[in-house]
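The structures considered in this document are given below.
Next come two complexes, and both contain subunit A; in the first it sits with subunit B, in the second with subunit C.
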Partner chain A sequence: MADIAYNFSDLLSQDSNKKIVVLTVEGQLDESNVDNFAPKVYTKIEENTDASFIIDLEKVSYMNSKSIGYISDWYSKISAHGNKVVIAKAASNIKDVLNVVGLDKVIPMAQTMEEAKSLA
Partner chain B sequence: MSIELILSIFLAAVPAIIWSLVFLKKEDPNSKLYFLVFLGGTLTVLPLLGMQVGYRAIINANPNLDFVGILKDLSIWVLILYAFVGIMEEWIKFYIVKYIDRTHPELITTTSSAIKFGILSALGFAFSENILYFSRIWMNFGIQELFAPFLFRSTFTVCAHIMFSGIFGYFYGLSKFTDDFLDFKKWQGKEVKPKDYIRHRKIMVALGLGAAIILHGAFNIMLEFGLVIPVIIQVGLMFLFLTALLKRKSVNLVFILADKHKSVMDKKDIDVVLEYMGTQFDRGQYNLVNEIADRLLKRDPDNNVAKLFKSNSLDKLEKQKNKS
Partner chain C sequence: MSRQEIEKPIEIKIELPTNAYFMSGIRDFTLSMIRNMTDFSEQWAYRFQSVVDEICNNAIEHGSSKDDSIYITFITHPNQDIEIVVEDNGSNPESLPAAEILKKIENNAKLEINEIGIRGRGLAFIVQEWTDKLEITDRENGGIRVRVVKNMNDPKFKEDTESNDPTKIILTN
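Coming up: the complex of A and B.
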């Protein structure tokens, strides 16, 4: 099983004092771990229906297609509550994959955490 | 060379030219090489001629032997027709296509080009066979008896030959591009084992050759029994099948036989995208798959699996459009 670490942290958005949940992921998201990891995110989304989410992918070196599918699904659930999702600091190869599959058309990508906060 | 033979060559050329215009585009860059395939097809009649000469030699050596009667009594006349005509003719045409593909693999880059190769070898064969038929009828029965056979052979017989070999060509193309077709299936989540690649190659050729032989045999037997209407229906159905195949985008898809353009993405990242495309394809998100394929092909222009996703999505979208 590929190693993966993650944590959730709360912060407030710069403009509107709106709640933001930052999900920081580290490692490789693949078939061996993504199905165990994803339910935790769903739970967090359900607990924070008033919050936007920033997904920090700086330390993610690989994501399989299922992970992309989960991000797309998280986006649907979060945006259904009128909140935003931003992907932050993704490595260039991850960013390129997300660009090819077209996820960047619906989820904005930020280079820095500051930019992500301003978009969230 | 007798005048009958020379004029028979001209007569046999008429359907060959007309049918080649129906199925082949004038501006095709491989026109000259296609002509060589046609010439190869004309030679395929020689072994059959040899067998016929051998058959006549047996009959002449045993004038009292009712060879056909014996075979009919044994009820294997039908089998002989299948075996002799169907298998031999289709097998020889298959070898022409296979030989030229082995020596010039760069020529068959699409399933439709494999179909065209089949069609050309069939046209070459039908051309030679027609010369024999026309000249024999002319010499034995006179020119007045030639009109009906000329009309029937030029339309239905030549068309039937084209269909048998065209259908074979389609399966030959599926066999040649096995790796890409199976990778395409694999990325849709279907189980593909390493041994499936070898098996798929063999099965496709066997299916194509088997279909060509059975269709050819059925055609010959129906003609033998004078069942003209079923023959016309068979040829019509095969014509519709082949023209529908040639319209499909996945059949006209150009496969790259060797990577000429370097990809700007890592293989593992490309695999992630292909897997994602497979999931979306299964969900019927054909527009999305088409868009993803376009973006992937900008980064990896020689990716045949991405091309297959694109062409199959376009085919599905076209089908949906036609339904609505």
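Coming up: the complex of A and C.
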């Protein structure tokens, strides 16, 4: 089974004092773990309907299509509350797979956390 | 023996219990095999890791039942292509025939990213986009056979070696 670790932290956006939740993920997101991980994010989204989300993928080395499907679904729920989602610091192989399924068309990708904060 | 001395096709077969628990090992093997046994770039090594994972996940989820197996075959034709075949036994109660899977892929490929559910992007986008040939056929004794081929000298693609950025692909005619 692929190992995964995650963490949620709160911060304020630079200009509007709007709340941002940062989801930091580490490891490989695949069929063996993503269904157990995803409900934690849904709960966090429901607890923070006033917040935008930054998903920090710097330490993610693999993502399968289902984990991308979950991100797309989280985006739908967060944007339905009028908030934003930004993906931050994804490695080149992760950006590649996000691009091939078209996620980059709906969720902005930031190279740095500062850039992510400015987009959230 | 160095890779340059290998001229005959090499075939590697793996029988895997129907459990996603083992897929991280198969991904590691795929990455290592592409790096060490083919001339594909690092970019394509990662892409094939995803291709194999997605096809196997489909076989695990919809093909063979939990106490059964799936079968993965890697065939490298030096300086020509790499071929990957994944077969299941169709013992899963939710098993679908090849025609229905092909129809689902065709339908999903037409949808926008936010129109697809949690599932449905693997075969329709990742596998279809990153291979030159995708064949799905019914097996004689049940289950399906998914065969993909990626040509090593695909004229459509030229790697951006300057930036080595796998998100950049230069299309040439």
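The working rule: the second predicted complex is superposed on the first by the 120 of 120 C-alpha atoms of A that agree within 3 Å, B and C clash if a C-alpha of one lies under 4 Å from a C-alpha of the other, contacts with A are read in each partner's own complex, and residues count from 1 in each chain.
We take it that contacts are C-beta pairs under 8 Å (C-beta built on N, C-alpha and C of every residue); 3 or more make two chains touch, one makes a residue touch a chain.
Here the structure is a predicted model, which is why all the values come from computation and not from measurement.
Considered on the superposed subunit A, subunit B and subunit C are sterically incompatible, since they clash. Of the two partners subunit B and subunit C, more residues of subunit A are touched by C.
Looking at the shared chain after the overlay, A:Glu31 reaches subunit C, while subunit B stays out of its contact range.
When the two complexes are overlaid on their common chain A, residue A:Ser65 makes contact with subunit B and with subunit C alike.
When the two structures are aligned on the shared chain, A:Val106 is found in touch with subunit C, with no touch to subunit B. In the superposed pair of complexes, A:Asp96 makes contact with subunit B and with subunit C alike.
Within the superposed three-chain model, A:Ser76 lies in touch with subunit C and out of touch with subunit B [touch as defined at top].
In the superposed model, A:Phe8 makes contact with neither subunit B nor subunit C. In the superposition on the C-alpha atoms of chain A, the part of subunit A touched by subunit B in one complex and by subunit C in the other spans residues 62, 64-65, 68-69, 93, 96-97, 99-102.
Residues 1-2, 28, 30-32, 62, 64-66, 68-70, 72-73, 75-76, 92-93, 95-97, 99-103, 105-106 of subunit A are the ones that touch subunit C when the two sit in their complex. On subunit B, the positions that touch subunit A within their shared complex are 265-266, 268-269, 272-273, 275-276, 278-279, 288, 291-292, 295-296, 299. Residues 62-65, 68-69, 93, 96-97, 99-102 of subunit A are the ones touching subunit B in the complex.
If you check the complex, the residues on subunit C that touch subunit A are 20-21, 23-24, 27, 43, 46-47, 49-50, 53-54, 57, 60-61, 112-114, 116-122, 125-126, 129-130, 165-167.
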